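There are structures below to look over.
In what comes next, chain A is part of two complexes: it sits with chain B in the first one and with chain C in the second one.
== the complex of A and B ==
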């Protein structure tokens, strides 16, 4: 007999609903005739909206489900909201695009729902097995979606590269899980935390190698240097709505799982004994912090510098998304600092305030990035020609004069990607830099600020091209796509202008996540 | 009399060797199917480690994880082989060095 209270399906409703909805939609789609595939899109959109509403209603929830393997808390809900917003734009933005590109195949929408459910499960994972399954639920449908413009060679090639490297990286994930399991004797985050805290590990070295391997695998997913090589090819080869969607959804899932693993299971994992005097306060750095900090710095540097020389919009945005992964990794690195206070008798207490701030920074950044990046790719969908060509940077010239609405939207997105005040990107960067300074990673914050300045060069170039050069083309602007772009502009500006609202929400959420 | 048991270290060393062989296979091979088989080798090396650790800890969790890994591998095969077939139809080759249309 299954214990219903421990299963607690209701708490996990947004993710399970979406996964089951996708499975049902696959079946329903068979009965929808080819010329009416838009119906599948609408059904998928309804599913996403229902799940979004439930996530919003559950924002205060603090529960576990699936026998402690699934954490349905506020962190989950906010990550769900970011994933679902992206999925919504991915569905309604793709409807007319797929029609025009003559690849309106009904599978697109259920596949997209599956990946969204995968990202949501990753955010909720409290067990390495869930991380693994959710990662695959996120990845396997994405391999198919990247190759959706079949038999177009570039799309197939992108899918192949993504698949081979994705499968390779999941090999690392599984071996990493095996080693962490070997070191700690459990795959559950809470139990791993206890074992680490009381020094009951079989071998700290196994733990460190295991964490390293899992980090490699999640690094592939979020496109961190040196695991980023697939990114530009796949982003360029994939149909643009898929690129828009995956550039955010895979990052939300990857970073949410990474933050969960590092801050819930092993925030206090240090190799060796901690030396502390009575009445002393120490800021201690977890064993994995240096590694993450170095990777964050490399990712920011490479992403921003290589983006400068790109001639293709999709490739440029791909490198820009690598750079943004670097900024979020900065917050992940900051989550590795914690405070240890010793009282008169030398008894120690550990507080995770810095990690909490870092989580907050990462969540705000992800929210702002979700709106901005999906929006920017949606504008690329408008500029692109029917056969998927015409995504060169020169092709956007004159967009401001031809269609001021689209030009204005792209301007907002570019400013937000640079991190200009009054846009979401600024608020995100502000919190990420702040948390890394507080964690004692000043050099990393400095690299972040300097690379942001470098990034202004290639983002502002797009704005100049749009408004000060002339071009002659008719942008593809169906109503639903414009609506999706408007939604993204609204989100970017709201996160930027109303930081108190957003930050209070997120502050509250992260305090709950580390309770 | 209890038969002598193999210590956990031996299993882990074997699984590490298999895992590294898998990695090298992915890096060295140029044929998509061979790369894919190397990935499978990596997954099975992990399965061996999981089972060995499960015995060491006297915990069934590791063995259960292996079943999940096996089903994930099956799902990857389904999608992967379909992609390989699709690309073979357009390109008439599955050598990954021939996949070079995307550059920048």
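== the complex of A and C ==
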């Protein structure tokens, strides 16, 4: 007899619905004639919206499904919302673009849904085995989508690079999982947490190396320095809707799994013994925090400085997305601080308030970033020519005069990427910097603020080009694409003007292990 | 062993040794890889005869399902290799010597072991790692309490990979 309460399929509905809906859509797509592939897009969009609504309804749920292997809590729901917003724009923005580029193949939409489901399963995974398979579910369709413009050489080159390096990075994850299993005797996050808490690890060094290897693999997915080398070529070679989608979806999946692993399985993983006096309060830093903090600093510095010299819009946005991965990594590093309080008798209690703030900050950042970055790439789709050329920064000159609506939208996105108040980007950065300072990582926060100032240079240059220079081209502006851009502008502005919208969304997110 | 087992043993031996010879002697690299499957299948059959079905299943899954497929992929990726029908190997004497030496070492170890001269190898047969663990493996994949979610996800993943491969490989319509 199946224990329905422990299986709890309803709690896992958004992700499972999307995955199996995509599998069915593959079959339905066969019967849709080539000239009516827009129908597949509509069906996919309906699936995404249904899943989005269910995720919103489940926002304060704190449950597990599949006998503890799947965590359906508010962290999952918020990550789902970020992934689904991206998927929605990825589907409706791509419809006319693919038509124009003559690469309208029905498989695009179910493949996209599968990657979204992969990102959602990564966010919900409570077991390293599921993290691995969900990571592959996110990655493999993306390799294909990057190569969708074949036989165009740049698209093929991007797909090949992404595939080979991606397969290599998955190998790191498998090896890391094996070492963590060797050290802790389990792949389940909750069980690993128990082993760490009671000091039952076989070998802390093995654990640290294993976590490091897993971090390499997830760092590759989110484009953290020094695992970022594929990013500019792949972002430039891929069809622009794919770039728009993957620049956010892969980050949502990668960061969600990383945050889940670090805050659920090993938030209190310290090498060596903790010395604490009675009546003392200590902020302790987990063993992995320094590593993440250094990577975050490098990622912010390299991403922002290299973006300055880029001449191609897609490449510039690629380096900008590396920089933003750095800001989110800052919150990941902040999640490594926890408070230990000792009472009169020297008995200690551990609280994870700082980690909880960092989790919420990272999620707010991801939500704001999802709207902004997808929107910016959607405007690039409008500027781009039919054959995929015309994405140089000079090509956007005069957009503000030719089409003030598009110019205005791009201005909002650029301001949000800098982090100007009243945009979503500001709210995201505010919470991330705040959590970083609270965690005692002041230097890291300082680097973040300074690199944001640097980033203003290349983002504002785009605004100047659009409004103060003249150009002559007819932007590609079908109704659905404009609708998608409007949706992104709306999201960016609403998050910026009314931060309670997102802070209410994430208020139920807790550092789950000690719940 | 009765005559039926002898018969099976004979067939499997031919598969293993014949397949192995075909791998080495074939002039087409791609055909060699295919013959390797035959040889490894024979080894899996030998495991079954030794009442070690778990090892047989792992042999098929890992060696044939993963390693040989990987080799075939590697050959197909380097397309020029596929057309080569002459596989020049100037160092075959060296290979022969190495193979003979390895064979001798293994054979000696086994012969000495059966005489009790090698303390590392127990004379009594190990507790059978047979039916039970194989059943556990199968049950774990469909047991709701164990790996059913990864199993389901893997099936979705395989579908995505298959469709993706078709999308990339099919010609212009």
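Here is the rule we go by: the second predicted complex is superposed on the first by the 508 of 515 C-alpha atoms of A that agree within 3 Å, B and C clash if a C-alpha of one lies under 4 Å from a C-alpha of the other, contacts with A are read in each partner's own complex, and residues count from 1 in each chain.
Here is the rule we use: a contact is a pair of C-beta atoms (placed from the backbone, for glycine too) under 8 Å apart; a residue touches a chain by one contact, two chains touch by 3 or more.
Predicted, not measured: the structure shown is a model, and the values here were computed from it.
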{"item": "Touched partner set for A:136, first chain B, second chain C, both or neither", "value": "both"}
{"item": "Touched partner set for A:431, first chain B, second chain C, both or neither", "value": "neither"}
{"item": "First, second, both or neither for A:338, with chain B first and chain C second", "value": "neither"}
{"item": "Which of chain B and chain C A:174 touches, first, second, both or neither", "value": "first"}
{"item": "Chain B versus chain C as contact partner of A:150, first or second or both or neither", "value": "both"}
{"item": "Greater residue coverage of chain A in the superposed arrangement, chain B or chain C", "value": "B"}
{"item": "Doubly contacted chain A residues - partners chain C and chain B", "value": "129, 133, 136, 140, 143-144, 147, 150, 159"}
{"item": "Chain A contact footprint on chain C (complex, rising order)", "value": "144-150, 153-154, 156-157, 159-161, 163-168, 173"}
{"item": "Residue numbers on chain B that touch chain A, as the complex places them", "value": "8, 12, 15, 19, 22-23, 26, 32, 35-36, 39, 42-43, 45-47, 49-50, 52-54, 56-57, 59, 61-62, 64-65, 68-69, 72, 75-76, 79-80, 83-84, 86-87, 89-91, 96, 99, 101-102, 104"}
{"item": "Chain C contact footprint on chain A (complex, rising order)", "value": "2-3, 6-7, 19-20, 22-23, 26, 34, 66-67, 69-70, 105, 107, 110-111, 114, 117, 121, 127, 129-130, 133-134, 136-137, 140-141, 143-144, 147-148, 150, 159"}
{"item": "For the chain A and chain B complex, residues of the former touching the latter", "value": "128-129, 132-133, 136, 140, 143-144, 147, 150-151, 153-154, 156-161, 163-164, 167-168, 170-172, 174-175, 177-179, 181-182, 185-187, 202, 232-233, 236-237, 310-312, 315"}
